[in-house]
Amino acid sequence: MGIEPLVKSYSALRHETLTRDRGLREKVMTLEEAAKLVHDGDHVAIGGCTVSRTPIAMVWALIRARKRDLVISRSITSTEGDLFFASEVSKHVITSWFTQGIVWGVSKVMRHHTENKLARFEEWSHMSIGLRYRAGAMGIPFMPSRTMLGSDVGKQVKDEIKVMDCPFTGEKIVLLPALNPDIALIHVQRCDAFGNAQLDGLQFMDIDMAMAANKVILTTERIVSNDQIRRTPDRTRIPFFTVDAVVEAPFGCAPHECYGLYEPFFTHLDHYAKISSQDPVKGPQQYLEEFYYGPKSWPDYLAKLGMDALLDASRRGRSVHND
Amino acid sequence: MGIEPLVKSYSALRHETLTRDRGLREKVMTLEEAAKLVHDGDHVAIGGCTVSRTPIAMVWALIRARKRDLVISRSITSTEGDLFFASEVSKHVITSWFTQGIVWGVSKVMRHHTENKLARFEEWSHMSIGLRYRAGAMGIPFMPSRTMLGSDVGKQVKDEIKVMDCPFTGEKIVLLPALNPDIALIHVQRCDAFGNAQLDGLQFMDIDMAMAANKVILTTERIVSNDQIRRTPDRTRIPFFTVDAVVEAPFGCAPHECYGLYEPFFTHLDHYAKISSQDPVKGPQQYLEEFYYGPKSWPDYLAKLGMDALLDASRRGRSVHND
Amino acid sequence: MTKHTKPSSTFTTSELLAVMASRLMTNGQVVFAGIGVPLLAATLAQRLFAPQLTILFEGGTIGPFIVPGELPPSTNEQRCTRRSNMVLPITDVLLLLQRGYVDIGFMGGAQIDRFGNLNSSFIGDAENPKIRLPGTGGGNDISSLTNMIVAMKHEKRRFVADVDFITSPGWLKGGGTRKDSGLPQGGMWRVVTDLAIMGFDDETRQMKVLGLHHGVTREQVQENTGFELKFDGKIETTAPPRADELAVLRELDPRALYTA
Amino acid sequence: MTKHTKPSSTFTTSELLAVMASRLMTNGQVVFAGIGVPLLAATLAQRLFAPQLTILFEGGTIGPFIVPGELPPSTNEQRCTRRSNMVLPITDVLLLLQRGYVDIGFMGGAQIDRFGNLNSSFIGDAENPKIRLPGTGGGNDISSLTNMIVAMKHEKRRFVADVDFITSPGWLKGGGTRKDSGLPQGGMWRVVTDLAIMGFDDETRQMKVLGLHHGVTREQVQENTGFELKFDGKIETTAPPRADELAVLRELDPRALYTA
């Protein structure tokens, strides 16, 4: 990525999109097959936010496939960021906030890797990351914005942003560079075999991310018929022609949450927080062995999380509809 | 409007918003009361597109209230544009396309007023108008874009746009000035008394318009409880704090369509096309007398459209759900 | 997938345009289609040989299913969304063009010139027009951002050397002028008329005839054109509309609202 | 609307912060609230005297109803949307700040300086930090675009002359430096601690004590602050938390997850 320009030329962006097969075709495949669409060195954008609608099943598949040198971007990064660092799949995460979650304190794994310069946490403001995806989604090279000025957050990325005097008002305005990830991983409640996806509840930055990326892998709680999608077209949020792979992965965010279906697996997350705090090297390694490298399959991974935990998370998840 | 700057300074924009009462409060009023929120000379943005979800009831109220010198903007302008010109409520329409609809041919009323320089039709590309509202909605002074270059459409508005070399890629890029209308008129299928609005089907440019405007008048097919809105918060499209007035106006788009409820009143629109083509001065005047100035009330207006027409439009409108 | 059936000799101008334009489509394409002949042509291609072709409407619809006999009168009406894959705001559907997801923009035209520029704004001088036309709508955006097909009647007053006003940019003044103006992508690709199919020279960007419809002569095309036409080295004669093509069109538009 | 009930002498630091902060709210305001004390304070105000106050969450929620005992652990979880008025994408909820719909941003802080700048990124030098903290999240955006309330514990190591790293801008170097940097709107308004309530001088933008909590002395506040504090001309003593205020807090957080 280092030698590529910060913002793709319009010709390069259009050429990449032109060469994608955007016809209405079925794209259903396994996690392992989808992982082959991700190449070492790719910029990979991760859907969801913190512990919500994280595409854990694809994270799991990429770590098992021993990918290397991925540049990761996400709105807010939680345990999956720890595991990308610990597995050496990525040494560079672009995000606004990086830690398991407020209630678990500062990530010792993030601290170990960044403070020892083993990996880079590139910090942008939350809205700036969102606007960078949005510019990418819109096919424009930059988005004007009014934050990161004055602060050291802006100074840290001063070579990547431009500050100009607005030609209309004379005011100072930031130009944020468009972000067009090589590939986006997004988990949804349902989509059809073509990739028409319907997302319930919180959308985070996923729609812009899907439109901005040069490839999209959808994991989904279930694959529904195209007829079902066509019954409520105003609930479709991601159109099929942005999508390159559809993988059915039930509980595909576990131990994170998926809106309306399951809340976070809190006991499991407490366990991860505990072992990774005790030893930020051996803790995550042990966790990776047990939950990532060890299981034979995704259902086997879920079995290791435990039936009790799964039912409890589901009961809490569905409760959002109790009214 | 002539002496105001093309793009409001950020301080002016923020000040206007700050002084609005954005608390959770009931805003239900009559068409006549809502019309008082529109002042002569205001820039008024009109929701919907062509003959779809046009806020006809408020257009009707503004024409009856004999407003003057309104600057009108809309994605695509249909019969309501003719009537704004004919009633002398507006002499300046900003839009991308101005005629009743493809099937009725070029508007003779638009032609009469523009060719005789009685009024101005300021033409921007469709996407450019949308991006101008979007910049306004986002609180930024301009939006980068890649159309209107090379063409005479761009040359006609060359004093209002800027063309710059992108500081990231060196490519030529258009900067479109933000549009923050004084007031937006938007018709929705349902909203609560606070103004939380849920729009079904085609959204057009209405969401950006609501966020961009300095005031919003919602007309709605029905007012529902806040509890009902809260049951499906991910279907809410316009948040209450952007809204200044809520008016219940059943069949508030007639003779235009409202998604899922009624299609256009085609026979009535054929009648309007016929009389306005025969005489672009007397035709619309006769129409205004009969349907705008004459009726005692909105139900009286609907009665003049006719029960048969209303039931026929409703039958066709609801058919979108027949499957 | 195409059924080879006999040519049919009775058809209207609009039917001819729709059939000829439909044959320019490719399976798997994403096509931004206007109402009337463009929509009919794209739907015809979809039914006969391009089942994976996707139609987009300017009003904000992706992948609609056209119900025979219920063709939408504009792209902004609810009929356009019937059994579609997705509904989205106008600005966002137009941004799909800018982002590059669309292969072909397909619309009708009122006036075109030798470089494929379209005028739908003013007849005469823009300051003192003889006729004020309805304007660009999405036309300027579509033709600025993607490859274009235009279907229109071949008449001298419509095919002019230079349009009075460039509403939707083709190749502007030819050569590299389009690219230099800041439009590096897309451009006018094909013009389909009731007489011929035209493309544009790769260098000069001047309009040139690629194919003549059955029974049409070069002279006839030139007579109906307001500027000197170029002719390609090898001009093909198009196969006349087949019965199966016309049958689909007549199923879609049984009252001939758009094909009369 | 406020019920006047007796002061209560038993409360935790977090409860004190929540009560004091809640009293800074005004009915009808739109408040962008973080998890923990900010959310508790805003909800408390809503229940006691500001029923028309609206809460926004960074994760994309407008006007949620907090269910007692089910406080969300982050603003990005489904619990945040429970019976809310609207759910929207992250970028769009943050843009509400930029557009100007928000009156108050309200968050916690790890380190603050005399000009109200907040650090949640690095302890020590950013190139070679002693501690890498989680970063800005929406903090930089919120504090760049609106008026801020920060609630935090009053400790010398947290109240420093100059923060190691400005994550969320306050008044930068004081005077007009914030405005000059391109941030003409918003700014640090109030800092609520377990000892005092502070504001900022209108000219110099230096932090100054506006009120002391019951039983707290000026010396005590200064001792716990790493720079020389200014004191307003007339320092008020805040009324201690009342039983009705504490009762609401304890109903909202019965297991004291955020108020321990």
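Order of writing sets the labels: A, B, C and D. Residues in every chain begin at 1.
Convention: a residue touches a chain if its C-beta (ideal position, glycine included) is under 8 Å from a C-beta of that chain, and two chains touch if they have at least 3 such contacts.
Owing to the predicted nature of the structure, the values given are computational and were not obtained by experimental measurement.
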If every step must land on a chain the current one touches, say how few steps get you from chain C to chain D.
2
Rounded to the nearest whole Å, what is the centre-to-centre distance of chain B and chain C, using the mean of the C-alpha atoms as each centre?
29
Calculate how many whole Å lie between the centre of chain B and the centre of chain D, each centre taken as the average of the chain's C-alpha atoms.
40
Roughly how far is chain A from chain B, centre to centre by C-alpha average, rounded to an integer in Å?
38
Touching at least two other chains at once: which residues of chain A meet that condition?
10, 139-140, 145-146, 171, 173, 201, 231, 234, 323
Check: chain C positions touching at least 2 other chains come out as 61, 81, 83, 87-88, 95, 98, 184
Mapping chain-to-chain touches, which pattern fits: line, ring, star, complete or other?
other
Applying that definition of touch, give me each pair of chains that meets it.
A-B, A-C, A-D, B-C, B-D
Seen from chain B, its contact residues with chain A in the complex are 5-10, 135, 139-146, 162, 164, 166-169, 171, 173, 175, 177-178, 200-201, 231, 234, 323
Quick one: which bits of chain B touch chain C in the complex? Just the residue numbers, please.
48-52, 75-76, 95-99, 101-103, 106-107, 110-111, 114-115, 121, 123, 125-128, 130-131, 133-134, 145-153, 156, 163, 171-174, 201-208, 257, 259-260, 263-264, 317, 320, 323
Quick one: in the complex, what on chain C touches chain B?
35-36, 58-61, 73-74, 76-83, 87-91, 94-95, 97-98, 117, 121, 126, 129-141, 144-145, 165-169, 172, 177-178, 181-184, 257
What residues on chain D touch chain B, complex-wise?
27-30, 51-54, 61-63, 65, 81, 83-88, 95-96, 98-101, 103, 184-185
Report the residues of chain A in contact with chain C in the complex, numbered from low to high.
10-11, 13-14, 16-18, 21-25, 137-140, 194, 196, 211, 226, 229-231, 233-234, 236-237, 239-242
